[in-house]
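You will see subunit A twice below: alongside subunit B first, and alongside subunit C after that.
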Partner chain A sequence: MRFLVFAEQHEGEFVKNSLGVLSKAASVGDADAVVVGTEAGLAGGLGKHGAKVVHVAAGDALTPPLPQPRVDVLAKLAPDYDAVLFGQSVLAADVAAGLAARLEAGLNWDLVDVELQDGELVGKRPALQDSVLVEVGWKSKPGLALFRSGAFDPQESGGEPEVRDVEVQLEDFSTKVEMVEQAHAEESSGPSIEDADVIVAGGRGLGAPENFTLAEELAKALGGAVGATRAVVDAGWYPYSAQIGQTGKTVSPKLYVALGISGAIQHKVGMQSSGTIVAINKDANAPIFEFSDLGVVGDVHEIVPKLTELVRARKG
Partner chain B sequence: MRIAVCVKHVPEGPSRIDPSTKRLDRSGEGALNHFDANAVEEALRLKGDSDTEVVAVSVGPQQALDSLRKALAMGADRAVLVSDDGAAGSDLVATSRLLAAALERESADLVLFGQQASDADGAVLWAAVAERLARPVVSQAMELSVGGGTVRVKRQTEFGYDTLEAPLPAVVAVSDAINEPRYPSLKGIMGAKKKQQDVLSLADLGVDAGEAGEAGSRTTVLALGEPPTRGDARKIEDDGNAPQAIVDFLAEKRLV
Partner chain C sequence: MSRPSNFPPPFSAADFVAEPTDPLDERIEVGVLIVGAGPAGLACAIRLGQLLGENPDVAERLGDVPVAVLEKGKQPGSHLLSGAVVDPRGLRRLFGNRLRMEDLPSFGPVPGESVYVLTRHTALPVPPPPPMRNHGNWIFSLSQLGRFLAERAEEGGATILPETAAQKLLVSHGRVVGVRTGDKGRNRDGGELGNFEAGSDLVAKVTVLAEGTQGHLTGVAVDRFGLGGEDPQVWELGVKEIWKVARPLDRIVHTLGWPLRTAKRYREFGGSFIYPMGDDMVTIGLVVGLDYRDATLSVHDLLQELKTHPKIRKIVTGGERVAWGAKTIASGGFHALPSPLHAPGLLLCGDGAGMVNIPRLKGVHYAVESGRLAAEAAFRAVQRGETPATALASYDEAVRDSFIWSDLYEVRNMRQAFGHGFFVGGALASAMTVSKGRAELGKLPAEPDADQPLLVTDRDAGYPAPDGQLTFDKLSSVFASGNKTRDDQPNHIRIERRVPREVAQMWAHMCPAQVYEIGAEDADGTVRVELAPSNCVQCGAITAKGGRLTPPEGGSGPEYTLT
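Moving on to the complex of A and B:
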């Protein structure tokens, strides 16, 4: 089984999620990778995660992280492979879907695992709020797959890859979108939420921006970092660098404490692979309780100060 | 100007997968995918008092007319539904083909999508449709303006905020942070019934049966199984002792 993995990079840094997918691919079959928009210098890092061949496509039109020029690159390479694999991201989803239409290739998304059954590739996908695990297959070659954030951890297994430059003629419509101002990864103050063992995250249920001190105090007592939902970031209560979810950070701490967070799908995708999830919310029907290890129906303003005191006392 | 808004009719309440077809059971009550209401709202905001026409477009069973009527009640001018027994079970490749064929007939300057489908959790259709229409595409729009033949979008990704521009005609998927969808007024609901609602078959679109439904799909569902569960998940009501209960739980898991 020959895999091509879309190794996503942003301003010269690989996205961890796509390295996890590469590691998985290398453990199931032969894995090559494609990097778009940067010079060959980065490619060696992909060999370490199992890539035998790294295809590199660079050039001005390929530098901004836009999907359509990447579809042109992948469309040239993909027909030589059994499957093309992507780690979920805003960019990767748009590339995968465009490629599916270009090649009339099947795309399965939100996969958490993949394996060979009688030589055929089978994907595993939790569906209907994770109440059922669906096994999915492909009727095309290549088959395309998008994996859930955090599905696999990057493993170091390989060595020096062979690097090949790719020259591609871009489609006229692929170069129409202009990046006027590009996002840069922000420097955040305090411990990074991506590396934290404990995260205390706050949502709209905190009631007011000043109540984020509840989350900060509890995080401090537990030795963790503070996260936030998109709703409170959009409302200006907390900085974007702390946002967890579909268009924020994807985290998998040992402990995730959700304060006043309803658990909308956009938030869930960013934290569902956390080790233990504790949620406090006054709405007994909040979706977050469906994927919490301990759900507490109650008022965060009553519970959290006492909880912080008890944790401090315990840690002495 | 003409704006086409693509909407999906999704099952309401607890959903199930039919074990015989391995497809989502769509026979029960349904509703407009709530993420698509943001796209309808944005189209209506762009229209304002101008003579821009807003067309709601869907692919689905006959019941999807209910969701299209919701879009009409909100203020869309016209609705188009692609509905055909031969289209049932279409995956991304087949659905994008049908939707693109319907959109080709509309020659819209701007095609809008919501950020994902609440039933299949898919967030992919716009990029496949844009590819088939050979148009520029931008996703996750949180601010959108149109002028001088271009669309300007501010969006949020995993890295922060981008600003992008594309010439019309273009395809844009909006995030649910872009607006608060309006509720249809009684007048809107009454008026929706009288607005034009076209139902198109595969033949109307000139799409062969082999290119739609399961025959036209390139993915397949092999089996349904039980997902791994979250061990001994529990839920308690705060009776004043919740802080202690949480600490005990964390201690048991060796997390404090």
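Moving on to the complex of A and C:
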């Protein structure tokens, strides 16, 4: 099974999601990667995540993060592969959809896993509000797959890849769009909640908006980001950009610390794939204790400052 | 004690009536505009498609979009919820020999039926009273039927516009000329987000409001054109679940009595329905009149309690809940029908107009029939040489000549006479049915649901704790409705935010979707009501009980597929 993985990069850094997809592909079959819009220097780094060959397409027209020129690049390479894989992002979703239209290929989206069954590629997609996993396949090759954010963690397995330059003649219509301006949401210090390995999230059990400093201090000590439930975002305690859950962000950090969060299913579906879930809540009947790895029944206001202190002390 | 109607919401119907404001070349012109892709609106679109197909010259005069259907849900069917055991008369007349009942997506004819009177531990079978006999009726998922009808309407040339809320009624020179759709992409404070899209003026020769229960613009139109009936409209609230079950259910079941209390001061009238949906699914729901008085009454929690009854538990044991939803049902009947059912440029259809037969628990066939009749009147109104006013007035005549009118007349006093009950009313009223409504009782008084004085009991202490297997809390139920409404949008629920504690308590318990929470108490003893509007499944109970639901951003709310 030969995979081509769209290794998405922004300003010289690979998006964690696409590295996770690459690692997964390398564990299932032979994985090559394609990088668009950067110089070859960066490409070598993909080897350690399992890429055997890295195709690099660079040039002025390919630098801005626009989908159509990327579709041109992928359309040239894709016919040599059994499947082309993408990690969910705004750009990747656009490119995947464009490629599917261009090649008249099948695209399965929102997948969380993929495996080989009797030599055939089978994707897994959550359905009915994530209560069941549906197996999906492809009728034609190459099959296109778009994976949910955080579906896989990047693994380091390989070595030096072979780097090949790709020359692509862009279609006329692909150069009609021009990037006028790029705006970035205000960056808070520390990692974003999508990329963080550690998330400390606060719920209404914190009691008051000012108590979010408890979460912030602990997150800082652990080198993580701060998340919030819908209830506290609704109440105006914390910005919407930090909302985790069904109508917020879906995250899967290695460690998720839930402070004063009851664990309604709307929240659970946004964080249930986290590595280790630690919950601190004074209500012993809170649903969060049903899916946390470590549950502490107690008052966040007493426990968290001590925990923060302890973490700081250990880290020196 | 307080009455919810003493604390009116900050809402004025006049704010939702406007002249078209878009420049002429930006208005979207359609022939007939239908608001709501439910059984009434889609039947109207399907009948128009049939008529325009037979009269291509008329279709041509109506322009590029002869028929448009606005739908606020994600897709047709997303906001449809009903029992639903359907009297096939409406669908048969709509499709004639084009389709048979067997061609529709149903779960077949009613296989048999039972009625039980429940106490906490017992179930006494009683013979089904005449209005509740369902031989010859068909079991449907209304959401599925809606999707099917939408496909038929599109085949007939209708354009369906989902995720589009009808926000304002466009009125020019005293005539309805269309609707203005809601803005999209506003944040909580009303500010414009990056993806902001302003609403548009949709102008039409005829506008048909088929919005279903608690229709937003129907309410606005009734106010603007003075179309109120003799009685105020009243409602019942139904909450239902769909279960995958281990064993098939071989009949439809209705229950009366427990968990509702019979003492008159509580005014708790209602009952449950349990219908098979094929061999492996069952729908189970509870309906309670919204004229109840106990501030701690929660229809959702009573439904949970109902499932703990040995008789009911047996049906769902070994199964799994797969869907949940809630909706109000107009129950004012004949005397609460808008009068007339038309205004210049406007027709009112279906549940939105209150065309529901409460003793028989049926309304889908009236929705379909009224939609069909509205199509014929609208078609007449756009003919050359017709006076639109006369043509639209013919809709009222057609409804009076139809089975809608004779059926509703027959049961006109039942709800009022028997204390506004759903099933109890139906059961006791069978005597009236036997007399075909000829028993002359005069006209009995009716009062709005929000006028009922509240009392507070400890009823809520008895609700079962949710176990996530048989019984469920409200939030996980909202999740099971498929609701994933964007949180960061303006609040669409109008209520008085500072009210006496019992009013806030009543709203918090009433709402099946946990939209209302009791907040901080003030020095004067009133409390602040906190809102989580994105939980809202748009059941409409708040409009009956002293608030006002307005449409949120198009595409919000539940995404029903099986209900």
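A few remarks follow.
Everything below uses one rule, namely that the second predicted complex is superposed on the first by the 186 of 316 C-alpha atoms of A that agree within 3 Å, B and C clash if a C-alpha of one lies under 4 Å from a C-alpha of the other, contacts with A are read in each partner's own complex, and residues count from 1 in each chain.
Here, a contact is a pair of C-beta atoms (placed from the backbone, for glycine too) under 8 Å apart; a residue touches a chain by one contact, two chains touch by 3 or more.
Here the structure is a predicted model, which means the values were calculated and not measured.
Contacts of A:Tyr240 after superposition: both subunit B and subunit C are touched. Of the two partner chains placed by superposition, A:Leu116 touches none, neither subunit B nor subunit C. In the superposition on chain A, contact is made by A:Ala100 with subunit B only, not with subunit C.
The wider contact with subunit A, measured as residues touched, comes from B rather than the other of subunit B and subunit C. When the two structures are aligned on the shared chain, A:Val296 is found in touch with subunit B, with no touch to subunit C.
In the overlay built on the shared chain, the residue A:Ile265 is in contact with subunit B and with subunit C.
With both structures placed on the common chain, the touch criterion links A:Ala208 to neither subunit B nor subunit C. Residue contacts after overlaying the shared chain place A:Arg230 against subunit B and subunit C alike. After overlaying the two complexes on the shared chain, residue contacts for A:Leu128 are found with subunit B and with subunit C alike.
Taken together, the two complexes place residues 128, 230, 234, 240, 247-248, 265-266 of subunit A in contact with subunit B and also with subunit C.
Contact residues on subunit B toward subunit A in their complex (touch as defined above): 15-17, 22, 24, 91-93, 96-97, 115-116, 118, 120-132, 134-140, 142, 152, 156-167, 170, 175-177, 217-228, 230-238, 242-247, 249-251, 253, 255-256. By the touch criterion given at the top, residues 128-129, 230-231, 233-235, 240, 243, 246-248, 264-266, 269, 287 of subunit A touch subunit C in their complex. Across the complex, subunit A is touched by residues 322, 468, 475-476, 478-480, 482, 484-488, 530, 532, 534 of subunit C. Residue ranges of subunit A in contact with subunit B, taken from their complex: 10, 15, 65-68, 71, 89-91, 93-98, 100-102, 104-110, 122, 126-128, 130-140, 143, 146, 171-173, 176-186, 198, 222, 230, 234, 240, 247-250, 254-255, 265-266, 276-278, 280, 284, 289, 291-299, 302-303, 306-307, 309-311, 314-315.
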